[in-house]
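Order of writing sets the chain letters: A, B and C. Residues in each chain are counted from 1.
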């Protein structure tokens, strides 16, 4: 399946991936509106962790044997049979946070204002995820990965 | 806060209606221009530290940042310009030599912009390069004046004698190479990108005096290795690994000047590559201390040829100075297979401003006089000519070739392709674009994969443009343009300049 | 009055060319070549016509036959003086002409049959007699005002001037000469007024060149030749071709086919497809060493010399060239009609491919 691959050696810690993720998840899809008026309700599903010169964009690995799918008590967390992506059906999520506790990558987050779990859906429907498209140094790549 | 006499050169204008306080600018500026102020809860910018590199403006996701040049208005004075006064303040403050990066930025005449190219009309058909062959392939190296055929068993065969032997050649698919830029003056990522791009485009990159880092070994076939006055990184393996060897006598940005890489930039990798102790200053003397004359140069040329079993062309790079034609001729007589001439607009990582802006001559005049001189002496075939220093576009490449160059070196243009914004602060080691720096937080900003793509795109674009122009001229091989000054006309030049360039004024016929 | 050596304008022209030779060395009248070139009247504009003829001076075959045109009697005197200092002049005479209405502003045309003097041979002891004759020719063209050497080979001569070629042919009474090889040219210059020296063929030693086209590489070809001491004083493409022929075939002794390969080399892509490694290497070396001799731009040319003639067009064939054979005769022309005018049913007739030379060789026996 295709995966977002983060490459630490080229990540410059600019966090444009986070910003692009927020915009993508907004209603308006406009960066200024999203930050001015929708920011409260938006959580990026990629977070750049930085330490000194090292930076790394953390996001869902869409694990082959995903613990979050196992742990989900309502069946909200499922794997899309077509793309292989692990996605969260926010209508069924009851915010029990089991997924957050089991995620080995820390890539599932609480939605803003305590709403359902938030995680990367690889920008389903787009030709490539917006974090990849907007990365200025090609530190994020969208490529076929063997399990 | 301490005030000093040098006033800011740039102001950061932030459009508060667009800024979303994402702080990308804060994270990108190595000069600490931008900072997030937790009291006012917004980003505040200090233009006095800004060098005008545009990194923040480029990365800003809402294009909220403008960098504006600002200058306090002095009382107008044609002699005491703001730049002159500012340098005096700087010098009075520090007492040292004022340093600068990149090339001469003074408004000396740029001859490329006074030369126009020809095109075919009626008497001669132009050629469409999209539909017909158009050859850019170029060979650099010594050629004999003639060949010799012998007839045996009813067929003629090429018979090689010492007089007709073709020397080792560099084969270029496009007559554009990457100039010498050392690992040390530029980052390893930049060095790797130049080497790989040269390989993909079928041309060559030059190590400068930085040695050949092991990560570039796979691209060694596309590398010209330099032997400069500090002899950094030079051993037999280094010479033999490369496609060609270049003896650097001088550099256009700082003729007559050596180099100095401060010890704090000599980390483990640089130390191993240059073969000097970690943390020690890398000092390149002003002259080669074994070359005090032209006959000494001949000894080094042949020492290198011996060391490489006469299998690699040896280039000699010289800065364009007043007596360039005689010096270049001397280099050819000393055995150089390639002579690279570097004009005073050529870039550098660091040079004394006084040298950069006041020493040397324009490359166009130097190139024309060298080509003419070598032809007058009948030795033009014995060496190829490479023109460097201030080649900005494919138009400049074409004009250089028409004046007599076999190929050109590009340094600044290649850096710009990789992201350089010509802020001229290379010597600070704080290049925000990850090019002229060894700071690991900055070097990672230049992903070699991205840089390789951009460099090869540039060369591909230039190749297409050169072919278009050749087709318009009605020639389908680059060698028919080389030294063909009939295809150039000058505008607005004086008779002396026309004579030196060997070019007629626009309006004069064929 | 023309100051030939001061002309600094390159001469561009469209043209007609025609050539006939007997490979057996049978000599025939100039009538045939005049008829052939007349057929292509419309390819010329009356500003230049000319001929070269080989084998026309059998009685003085061992002497250099120098054809010279003069603007003034003073120039004649100066050349006579110069030749008497450098050569042993066996015979000199005015070249016979007949009045033709259309031929005006006629210069003085004379021919000199000479040997190189002993003291010149001693002075230039390491040069061949041909080298010395090149010096003499270039010196006259450069230094004697109002004098211009049309040709300087043995047992051959160039006849040319301003006018349509058929008129020039009659003016010089060429039907009265017999040659084994005839070249002719009708000129259509596009940017210079016609002058007698600018007409084709261009001659040096026994080389004669007729040329249709414009050499876009002229600027570098000229500078390349300067490397080898050739001074291009006339600024015509054709002069450059003649010097290149002399350099490649006489001085560097390249085989004829190889010289043609230098002038119109195969593309690198074609060289890449050559299977024989020795041949591929030869092609590479020739292109590298002789890059400055590549003729670029549209051309079709016929180069003649005492041993035969060569037809060649540029490697993308941007100018016309047709060749034909009938018995011992080889015809090369810009147009098929000009061949059929004098040879209605050739044995073979073909359109010459770009960069592929057509070579006519005089039988060895006839050489001497």
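What we mean here is this: contacts are C-beta pairs under 8 Å (C-beta built on N, C-alpha and C of every residue); 3 or more make two chains touch, one makes a residue touch a chain.
Note that the coordinates shown come from a computational prediction; the quantities given were computed from them, not determined experimentally.
Peer 1: Would you mind checking which chain's C-alpha centre is most distant from the centre of subunit C?
Peer 2: Most distant chain from subunit C: A.
Peer 1: Among all chains, which one's averaged Cα position is nearest the averaged Cα position of every protein chain shown?
Peer 2: Smallest offset from the overall C-alpha mean is found for B.
Peer 1: Roughly how many whole angstrom separate the Cα centroids of subunit B and subunit C?
Peer 2: So the centroids are 46 Å from each other.
Peer 1: Compute the distance, rounded to whole Å, between the mean C-alpha positions of subunit A and subunit C.
Peer 2: 80
Peer 1: Give, as an integer number of Å, the spacing between the C-alpha centres of subunit B and subunit A.
Peer 2: Computed value for the inter-centroid distance: 44 Å.
Peer 1: Which residues does subunit A have that touch at least 2 chains other than itself?
Peer 2: In subunit A, nothing touches at least two other chains.
Peer 1: Using the touch rule from the top, collect the residues of subunit B that touch subunit C in their complex.
Peer 2: Touch list, subunit B to subunit C: 120, 122-125, 127, 132-133, 135, 137, 139, 143-149, 151, 156-158, 166, 169, 375-376, 378, 380-381, 473-477, 479-487, 509-510.
Peer 1: Touching residues of subunit B toward subunit A in the complex: what are they?
Peer 2: 17-18, 20-24, 27-28, 58-59, 61-62, 439-441, 444-447, 449-450
Peer 1: Taking the complex as given, what residues does subunit C use to touch subunit B?
Peer 2: 9-14, 190-191, 213-214, 216-220, 223-224, 226-229, 251-255, 258, 267-269, 278, 281-282, 285-292, 294, 296-298, 315-316, 318
Peer 1: Inside the complex, what are the residues of subunit A that reach subunit B?
Peer 2: 9-16, 19-20, 31-32, 35-36, 52-53, 134, 136-139
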